[in-house]
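In the two complexes below, chain A is the common chain; its partner is chain B in one and chain C in the other.
After this line comes the complex of A and B, so read on.
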């Protein structure tokens, strides 16, 4: 009986202590990056990928139209070229339409590949800064941009002017509405400026010496 | 009786279509679509967006038909007398309510921006 009691106490104690014993490595990592107001991480990531074609999307994770845009681009671009290391994507989720950080994870699954980073930017300053960059009167979100391989984010705060952009907003030119196929064709145009990577490296296989 | 059923069916159809078009148009009124339907549901709902004008047109045509039948039935009953029961006040009220709903559905997309400011709270 006493053995049973002792093992019961030990078992309960172990169960109670287990959560505290978990190492930091056991804590599941967020599948997105939380940005500060200065967007410093985004700027660093952008410049770290100089020489590649970079896409920067500003979306609301609870906006159906934005989500449809992401889904369309996944189909038109990433399902075909998602593994291309010359193509880097930054998806910035902003708190439009009452969105919260909890909305980011489900939305981020729409575009998912090794070269895409999802960000949560809690203040929504990204849209305000992009508004300044674009010189428009409305808060800029649901906004889809492409930067060519030479683009550099040199300003402390403002992102560079996109080389190509589309949107899904009222109040911006109708002819610039997001069309995933046009967007994909533009990406191809920019990719043509960069030499294609060796096929072996894109497949994740070490190149072998030719005979 | 058959006539009344047809009118009710077409009126009901118009209401249903108007409501559907409103829901599609109000996709971005808040986080409700994602909360209720999930991300894939919200995407599916947004995919209906380009078809809104057609849905509204069909709703308008069905409702116009219902109006025509109702007022025609009334005229026939007044002029010749009819075996059918003439349309009552409830039918007129529901028809006009359907028409109001259809008008709201037409402007739903614009109305949502009057009701909701999408800008993040800290930047308003």
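After this line comes the complex of A and C, so read on.
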């Protein structure tokens, strides 16, 4: 009987422990970062890249116009500048138009760049906070920003005011509609404030994502 | 020994409790770990259907209703292609293209469009004329030698083909004629939003396109790729009734002529991407209906 009991206890314990033991090895790492409502990881990543030109995009991963914006910037910026380590991009996917986390990966493929981090923020607070930052009356998404090398995210909640921004929304100024070529030219202007890296450093730098 | 049954019973109780506790722990742990975004395709729809405000800190709880609307994953346009990206409201975005509007309105007043140019096949070239007219009529004349020519047409009498086309096979040329459509997808969608099946978006070299599928005459179907900026059809894949790929057609070099957008170049490719022929037009004439 005691043998039976011991086997039963061992069996139950193994059964209970199995999922925990299996999970780290079996679960593939996501190609994006899931943000909490405080956007703490985004804030950390933003500040970890002080001294660089940072782009922050708020997009809906099932919004065709947002996707077109990403595709346009791929053509105008990323495919031309390559993996310049002075440029760091944060793409925040929010749950507009019924988007879910499963939509992040297909949309993310539109930007191909080593120094770009994709995020999924499932409450959508990012757009609400940016609305506060910009002092506008509409929820802010499909929104494309550039921060110069000196920008610091010092507030606990709110991101800093962008140094340059464009959008594809109805309630914001028409002259600020996303134009990938204008956007790329602005990036060049900010890049001029930073010394160009030695050619070798563009080849093998570590990803800038702080994790 | 006499205690054995009692011992066994109490051990069983302890074990049962232990197992139950472990199971409960796992269930509660897994539900806490599962992101709310994985609640399932119907989750958002359900919340909206019963008019409940979204749960604090939950999925889309900070997004205004007008930016969510009543959508779920099943409403997203997508196909099984690895390159396709699921999107919401594809048809609405295609028909709402403001750049395209004036061109579409003008096209509605056009009765005929004639194209004059050359078909290039490898190093050879052949004079080419294509005459199109409402409703979906097309005739093609290609001089293939001093005294030989290829003629193909689609009219009320059906498809007629005479001679040997250059670059394309007779079946490919026949499929091209059969699937010809005078109007653009935008005009067709305005007439009937269900004409095209939305398939999401796909990146082609240099541009992101809306992807649509449509059934055409003769049992053919087409997968149509529409430039997401300008609304031009930039690629058509023609599929047979049996599902076999027949031809890829890539119109490009679009320009405005008499208020409509027309391609001055068309490339034809096999499924493997081999270029079969190129048409280049140096003159396009637009004839309007009497108003």
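Simple rule for what comes next: the second predicted complex is superposed on the first by the 178 of 211 C-alpha atoms of A that agree within 3 Å, B and C clash if a C-alpha of one lies under 4 Å from a C-alpha of the other, contacts with A are read in each partner's own complex, and residues count from 1 in each chain.
Assume a residue touches a chain if its C-beta (ideal position, glycine included) is under 8 Å from a C-beta of that chain, and two chains touch if they have at least 3 such contacts.
Since the model is a prediction, treat every value here as computed from it, not as a measurement.
Superposition model on chain A: chain B and chain C are shown in a clashing arrangement. In the superposition on chain A, A:34 contacts chain C only, with no contact to chain B. Of the two partner chains placed by superposition, chain B and chain C are both touched by A:67. In the superposition on chain A, A:101 makes contact with chain C only, while chain B stays out of contact range. When the two complexes are overlaid on their common chain A, residue A:139 makes contact with chain B and with chain C alike.
Applying the stated contact rule after C-alpha superposition, one finds that A:75 touches chain C and leaves chain B untouched.
Contacts of A:116 after superposition: neither chain B nor chain C is touched. Once chain A of one complex is fitted onto chain A of the other, the partner contacts of A:170 are limited to chain B, with no touch recorded for chain C.
For chain A, the partner touching the most residues, choosing from chain B and chain C, is C. In the superposition on chain A, contact is made by A:127 with both chain B and chain C.
Contacts of A:89 after superposition: neither chain B nor chain C is touched. With the shared chain A as the reference for superposition, chain B clashes with chain C in the stretch 224-232, and the other listed options (26-34, 44-52, 170-178 or 224-232) are free of clashes. Looking at chain A, you'll find residues 60, 62-65, 67-68, 71, 94-100, 103, 106-107, 109-110, 123-125, 127-128, 139, 141 touch chain B in one structure and chain C in the other. On chain A, the positions that touch chain C within their shared complex are 1, 5, 8-9, 12, 15-16, 19, 34, 37, 60, 62-65, 67-68, 71-72, 75, 94-103, 106-107, 109-110, 120, 122-125, 127-128, 139, 141.
Interface residues of chain A facing chain B in the complex, by the touch rule stated above, are 60-65, 67-68, 71, 94-100, 103, 106-107, 109-110, 123-125, 127-128, 139, 141, 170.
In the complex of the two chains, the chain C residues touching chain A come out as 4, 7-8, 11, 15, 18-19, 22, 25-26, 35-38, 41, 44, 57-64, 67-69, 71-73, 75-76, 84-90, 93, 201, 203, 206-208, 210, 228-229.
The residues of chain B lying in touch with chain A in their complex are 27-31, 33-35, 38-39, 42-43, 45-47, 49, 113, 116, 118-123.
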